[in-house]
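Each structure below is given as structure tokens.
Note that chain A is present in both complexes that follow, paired respectively with chain B and with chain C.
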Partner chain A sequence: MIHLEGINKTFRVARRKSGFGRALQALFSREYELIHALQDVSFSISQGEMVGYIGPNGAGKSTTIKIMCGILRPDSGVCNIDGRTPWQDRIDHVRNIGVVFGQRSQLWWDVPVGDSFDLIRDIYKIDARRYKRNLEELVALLDLEEILKTPTRTLSLGQRMRCELVASLLHSPKILFLDEPTIGLDAVSKIAVRQFIKDLNSRRGTTVILTTHDMQDIEALTERILLIGKGRILMDGSLEELKKRSSWRKTITFEYLGPQPALDAGMTLREARPGRIVVYLEPEVCSAAEAIAHISRQVEVKDVSVAGISAEEMVAGLYREYDI
Partner chain B sequence: MRLYLKFVAMHLQSQMQYKISFFLLALGQFLVSFTALLGVSFMFTRFNAVDGFRFPEVLLCLATVLMAFSLAELFGRGFDHFPRIIRSGELDRMLVRPRPLVPQVLASLIEFSRLGRLVQAILVFCYAIPASGIHWTWDKALTLCLMVLCGSIVFFSLFVIYAAFSFFTIEGLEFMNVFTDGGREFGRYPYSIYGREVLRFFTYVIPLALFQYYPLLYLLGRRTSILYMLMPLLALPFAIPAYAFWRYGLSKYNSTGS
Partner chain C sequence: MKPYLAIFRLRFINGLQYRSAALAGMATQFAWGFMEILAFAAFYKANPAAFPMEFSHTVSYIWLQQAFLALFMVWFFEGEIFDSITTGNIAYELARPIDLYGRWFSQTAANRVAKAVLRSLPILLVAALVPAPYRLSLPPAAGQFILFLISVLLSLGVVVSFSMLIYITTVYTLSAAGGRLIAAALADFLAGAIIPLPFFPQPFRAIAEVLPFAAMQNMPLRIYSGNIAGRAALWGIGIQIFWLAVLTLFGRVMMKKALGKVVVQGG
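Moving on to the complex of A and B:
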């Protein structure tokens, strides 16, 4: 379905130092800096997959998405989506894709949302029956009945994002690109959006590619993760694999009465205060149950809490590991 | 085309939501170009003729350029506004729509407040057409229509060139205004009054004189060759390099931010 091979993209950015003298100098001679936004990026995604594309800011996520959408053309490399090269067969290609840029709206600011949808119907030449069916279904799923007559400018961010989803799905695209779809949303809207994307993927079989900084998005939605950093694909695998690769530790916090207990093999002390210790566990050596048993033999334990490492910490760990 | 009309309706609807702002803008447009008219008429309180052209004849010239410009601006505002379309990321959105780009840019912005200028051009025509003392025949009426139509295409091409520059640099685009706004302001008088070099420039480099000065001579009966009547058509090929330059700019497009 989607196949990228050896994609390179370099931007030439004029560099200007601050200060008036430098600005004056820049009028006559400019220094350029080459930024390698993407270097030898290759991956394949098959139909119906849901892929999370993660990486720190400036890693090249948006650039990759823009190439796959046909907005940018790479310096070299092959990109084949559903048999087409996006930037060559732009019009045929974009008929098959839906794009949501979380930070930018595709709706017309001053007209009611419903009118924006009608314009999109005409832009995509969606036939009346299919349009009606799609619209009714999407509006019902995302609970937008009351706001169809409201101008976009008065919508809340959560409402707007749900409308954006509808707008990019009216023409039943085979592939949906979501660039930070949950950015700035409250918890309820986030969950609604995630649930909707999940449904869409399982019912229509739409291929979904999503970039995000929200690890809960990744946990909730994607089976597969692509990690990009400094323009290179660093990892391509499932969330489970990612968990295995990252330093996968648990922490246990004990509150107890009595002197500080001794630790067993596989336990490292992270924090100690009178009556409270925090311990790292290496699960291969010592299970949580064993650790609790070991400590409670020595002191009277008042409270225990066990915490796994969150996806967020895991990714932060990965960024550190790859030095990106 | 039907879609374009829908966009027109949409823009009208959304601009009518801010009625006061709309009328003030239209009034502003009207007044700004009114100063040009005043300038010309003050000039003629002192002189009877400028370079051999009388007041109503100059007004004819002024109205032609004003109308051509305001038509171009009304329909081609999207190109005039192009740097902002790039910066806001709207161009990215257009690129993921299954439609050719030029109509999308045209449909992206239609400012009806620009009608203020158009109305003024029409009013000046209403005065100048009878006052010029021209014996209006079919060929002369056709010439005038050609002047206005071809003129707006030339101005429109200038907007397209302006837009094309914005692919490469956002700063320093002001110099293009010398040709667009400048062309309009200079165009109050026949280009010949600025001297031979200026006239040459506006004939061979940027063909503003082709729809203004030469056919005006035909209208006034100072030239009778049909070539002068058809001069405006010669300005049309100017659109080709303008469009080619824009396509070239587009191929170098690098998008913005995330």
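Moving on to the complex of A and C:
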């Protein structure tokens, strides 16, 4: 369905140091720097997959999305989506995709949301019956009946984002690109948006590609993760694999009375203070229960807490590991 | 055509809702038109034979110009288009199955028409009611009026296709302010927005009349009063069609080039 091979994209950016003198100097000679936004990016995504595309700011996520949407033209490489090269057959290509850029709006600012939807109907030439059915369904799912007549400018961010989702799905696209769809949303709206995307994927079989910094989005939505850093794809696998890769260890904190206890196999000391130790566990060697039993045989344990690392720490760990 | 008409319609509805702006605009244009006519009247009093246009032609020229300001003035750009380029919202526009040139063209034209519809009628009404020498006179013949209407549409087309060149340049320069200001000032001057082209001294006038700007307001405003009539009017309409075709073609080629190297701002 989606196939990228060896995509490269370089931007030329004018650089100068801050300050008046430098600004004057830049009037006469400019220094340019080449930013390698994407280097040899390759992956394939099949129909109906839901893929999380993650990486730190500036890693190249949005650039990849824009190339797949036909907005940017890469310097080299092959991109084939549903038999088309996006930037060559832009108009035919975009008929089959939906896209939400979380930081921008596709709704007309001063007119009621419903008018923006009608315009999208005319632009995509959606036939009246299908449009009505889609709109009713989407509006009911996202609970938007009451705001269809409201101008976009008066909507809250959460309401607006739900409208953006409707706007990009009215033409029943086969592929949905979401560039940070939950950015800036409160917990309730985030959950609503996630639930909706999940439903969409399972009911309509829409292929979803999602970039985000919110690891809960990834945990809730995607089976497969693409990790990109400094313009290169660093990892392509499931969340489970990622967990294994990123030292998916548990930590146990003991507070106790008495001398510092000795550790068993599979336990590593992380920090020790009088009366308190923090220990890493390798779950295959030593379970949390065994570790607690082992320590309580030696000292009087006052308190124990067990924590797994969160997906967020995991990704931060990966960024460190890959030095990005 | 349907998508472009839909954009035209939505932008038109959108443009109609700014009523207080329209009121303020009307007041300004009425006052401006009146002052301009009084100034011309003073000159004509000194020596009516020294002027290239009859006084009644000049009066009609000024009233129509003020009434249809939004259709003809080059400086009336569509701010949203500049914004979409500088902020990167153009990404959404490119993710639609629609030709961007056509989209911007319909959007700009719709905004101008909406503004003109709101403002023109009251100004025309007042201009038709003021006392005799300052009154907007009727066109000399029905045929002349039809030529005027055709020329108005073509003039709008030429103005919009010229604005398109400015939008597209913004894709390269990012800051629209400078080029936009110079282009608008120059184009409006050469289109006869400050003084009608016949008032230009020769040979400057001869040069101005072959430039594309002469195909803007200069043509319909002079056709209306019969200052340009008969074969000359048909010839003028032919020139307008020529410039509309050239500017549109040039704009499309430029756009195609610009989109090949588009960089979406702001992540």
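For this structure, a couple of remarks:
Assume the second predicted complex is superposed on the first by the 305 of 324 C-alpha atoms of A that agree within 3 Å, B and C clash if a C-alpha of one lies under 4 Å from a C-alpha of the other, contacts with A are read in each partner's own complex, and residues count from 1 in each chain.
Just so it is clear, a residue touches a chain if its C-beta (ideal position, glycine included) is under 8 Å from a C-beta of that chain, and two chains touch if they have at least 3 such contacts.
Small disclaimer: the values here were computed from a predicted structure and weren't measured.
With chain A as the common reference, the superposed partners chain B and chain C clash.
Once the two complexes are laid over each other on the shared chain, residue contacts for A:75 go to neither chain B nor chain C. Of the two partner chains placed around the shared chain by superposition, chain B and chain C are both touched by A:101. Overlaid on A, the two complexes show chain B and chain C touching the same residues of chain A, namely 11, 57, 62, 66, 69-73, 90-92, 94-95, 97, 99, 101, 103-104, 106, 108, 110-111, 115, 118-119, 122-124.
Listed in rising order, the residues of chain A touching chain B in the complex are 11, 57, 61-62, 66, 69-73, 90-92, 94-95, 97, 99, 101, 103-104, 106, 108-111, 115, 118-119, 122-124, 151, 179-180. Contacts from chain C toward chain A in the complex involve residues 2-3, 5-7, 10, 13-14, 17, 87-89, 91-92, 94-99, 260-264, 266-267.
Taken in their complex, chain B has these residues touching chain A: 2-3, 6-7, 10, 13-15, 17, 88-89, 92-93, 95-100, 251, 253-255, 257-258.
Contact residues on chain A toward chain C in their complex (touch as defined above): 11, 57, 62, 66, 69-73, 90-92, 94-95, 97, 99, 101, 103-106, 108, 110-111, 115-116, 118-119, 122-125.
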